[in-house]
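Before I ask anything, here is the structure I am working with.
In this document, chain identifiers A, B and C correspond to the written order of the chains, with residue numbering beginning at 1 in each.
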Amino acid sequence: MIEINNVSKWYGEFQVLTDCTTKVQKGEVVVVCGPSGSGKSTLIKCVNGLEPFQAGTITVEGTSVGDPKTNLPKLRSKVGMVFQNFELFPHLSITENLCLAQEKVLGRGHEESMEKGLKLLDRVGLKAQAQKFPGQLSGGQQQRVAIARALAMDPIAMLFDEPTSALDPEMVNEVLDVMVQLAKEGMTMMCVTHEMGFARKVANRVIFMDRGAIVEDAAKEDFFGQPRSERAQTFLSKILHH
Amino acid sequence: MTSLHLDWGILFEESPTGDGPYWQLLLTGLKWTLATAMSGWLIAVAVGAVVGVIRTVPSRWLSLLGDAYVEVFRNIPFLVQLFFWFFVLPELLPEAAGSWMKQSMPRPEFFTAAVGLGLFTAARVAEQVKSGIQSLPRGQRNAGLAMGLTLTQTYRYVILPMAFRIVIPPLTSEFMNTFKNSAVALAIGLTELTFQMKQMVEYSNQVIITILATTVLYMVLAMAVNRLMAWIEHKSRVPGLIAGGGK
Amino acid sequence: MIDFKLVADNSDILLAGLRYSLALTCSSMLIGIVLGCLLAMARLSSVKWLSLAASAYVNLFRSVPLVLVIFWFYFLIPFFGFKVGPDKSVFITFAIFEAAYYCEIIRAGIQSISRGQVGASQALGLTYVQSMRYIILPQALRNMLPVLLTQTVVLFQDTSLVTIIGIKDFMGANVVTASNNGALKEMYTFAALGYFCICFPLSMLLKRLHKRIAVLR
């Protein structure tokens, strides 16, 4: 469904992505991990065209992301994205956050989008907060709303960009639970995260990136069994040892 | 040294300018100050918002154009700008338009002052709008785009409503500045408050009273503007968000 | 559009005007910053009447137009019998007026330093004066330097207002030349260009300074 072929990207002289190639099949959950600055967030932002890239191709269900003729808003409306800092719109209430893109992009009526929004809000366990504003919710609650907001667009795939790293530790699980449930329902997911517990539980494949390159791209069992590269081993030992 | 005895009765004496008693003379001045500042402000907000926004869009040409506007209007004194619009512009325009401006434009000093003040203040408003937009976390723009909103929609529904709220406090002081700067227009003959004060001093010789009365009027004006903007700020506050916005 | 021969023929008066504008700017900046510093400390002081008096001063001058203040002194100084020409008395006017603006910049600069810094320096055993001298003020000054200088560029532009009371500053010199030679279009365009050529490079420099300081912070 998502095909990344030989993608490279530079900021001026500095190369942030080097020849990245991978693939996400329909219904597959792929976890991308790696040390900070390894380019994993940049790579996932390239998938829906939030970051431009200079070489290679990315296609989402046959549509080329880098092609200037591609209608990016239309493509993005089919791919949900969840951000590290939630990025709920602070001036809009929770329901308005959920309805905005449904109405403005998909052209749904207000009632239909409201119904859909509330249903998803219920699913992430936050129906009681519908009338509040983002600033009145905890980080974990905000992130669950953000997931509901993305799901309201009926996406064909979901991208998660470090969804739990801005959260206080006690809130991480409430967000991961929602993600696990989503994975079990068969959603196609590409997740940049350090939560190896999550990866163990639901991932099909794990990609390890370092210095802008994909160093390891293996089935979950292989990755956790015996990662081939030394860098992945060091990385794993660092984050698993405490 | 003249006596410091204050004779407030002077305010009710007839002025030789034909404006009625002196208090009315000052009130006429206040009226022109208000009219100039308000119309200047409307122009400033409209032009400034557009210039500020185009400085943040991902188009080199547009943002260069916006930058150029701001630099030109910020780096020439307002008095000089007014003289330019008043004395030079009619000469530069095509014959017909120029002579219309010089001969048959109604209230030339008022229109020049209002438009000049508007264009001058717009540069400052643009500066605030731009930094308001840039102070929003970059992720907000990405979040809007990631949901499939177009760039225009992202500005319309996500960025501008937040930027507007962030920009209100700094705009309060710009709004105050339009009242203060309108006084410069006395140089092209606008009979605003300071101009009237000057007239009253010259005709009545009551220096202290005239100065006191005018200063009080300006201070009341400043207070009113302050209250008004505080009210707008209060009305547009977002629950759960500390002023200054964004994480 | 600009008659350079006319400018050259009148270069004496124009240069004298420019010198006057620069002198007025420099003296108002120096006196204004010193006065502004004192006012800022008064505003932040815990002595109630002192901080009230200082904020009254600042609020008064910040709510009235500079043109009005110029006329205050223009009328009041002869009224009280002082025999000082306006070309001298505006030096006082500007210093007193600008002090209110500098005060607010300096106050914000001092307040931008976190209270933890005061605590930390006192924990090391520094006295209040020492912690101000070695810890707070150096940081505050660095933070507010670009804003202080930007205010000075604004001040330089504001000095053009003395033209209104007939002083031959740079703008005033242009006005005189313009009316003596019937060359309004040429001289007012030249004035605009002159101010721009001075202020624009300064603004650009200040913008770079601002960025460098922002990075260091």
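Definition applied: a contact is a pair of C-beta atoms (placed from the backbone, for glycine too) under 8 Å apart; a residue touches a chain by one contact, two chains touch by 3 or more.
Please read these numbers as outputs of a predicted model, since none were measured by experiment.
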{"item": "Interchain contact steps from subunit A to subunit C (minimum; 1 if touching)", "value": "2"}
{"item": "Per-chain Cα centre nearest the global Cα centre, belonging to chain", "value": "B"}
{"item": "Label of the chain whose CA centroid is most distant from the centroid of subunit A", "value": "C"}
{"item": "Subunit A and subunit C: spacing of chain centres that average the CA atoms, whole Å", "value": "52"}
{"item": "Averaged-CA centre spacing for the pair subunit C and subunit B, given as whole angstrom", "value": "21"}
{"item": "Inter-centroid spacing, subunit B versus subunit A (mean Cα positions, whole Å)", "value": "46"}
{"item": "Touching residues on subunit B, where the partner in the complex is subunit A", "value": "137, 139-140, 142-150, 153, 157-158, 161-162, 165, 238-242, 245-247"}
{"item": "Subunit B to subunit C touching residues, read off their complex", "value": "1-2, 71-72, 74-81, 83-84, 87-88, 91-92, 176, 179-184, 186-187, 193-194, 197-198, 201, 207-208, 211, 214-215, 218-219, 221-223"}
{"item": "Residues of subunit A touching subunit B in the complex", "value": "45, 48, 50, 72-81, 83-85, 87-91, 100-101, 104-106, 132-137, 149-150, 153"}
{"item": "Residues of subunit C defined as touching subunit B within the complex", "value": "1, 60, 62-68, 71-72, 75-76, 79-81, 153, 157-158, 160-161, 163-164, 171, 175, 184-185, 188-189, 191-192, 195-196, 199-200, 203"}
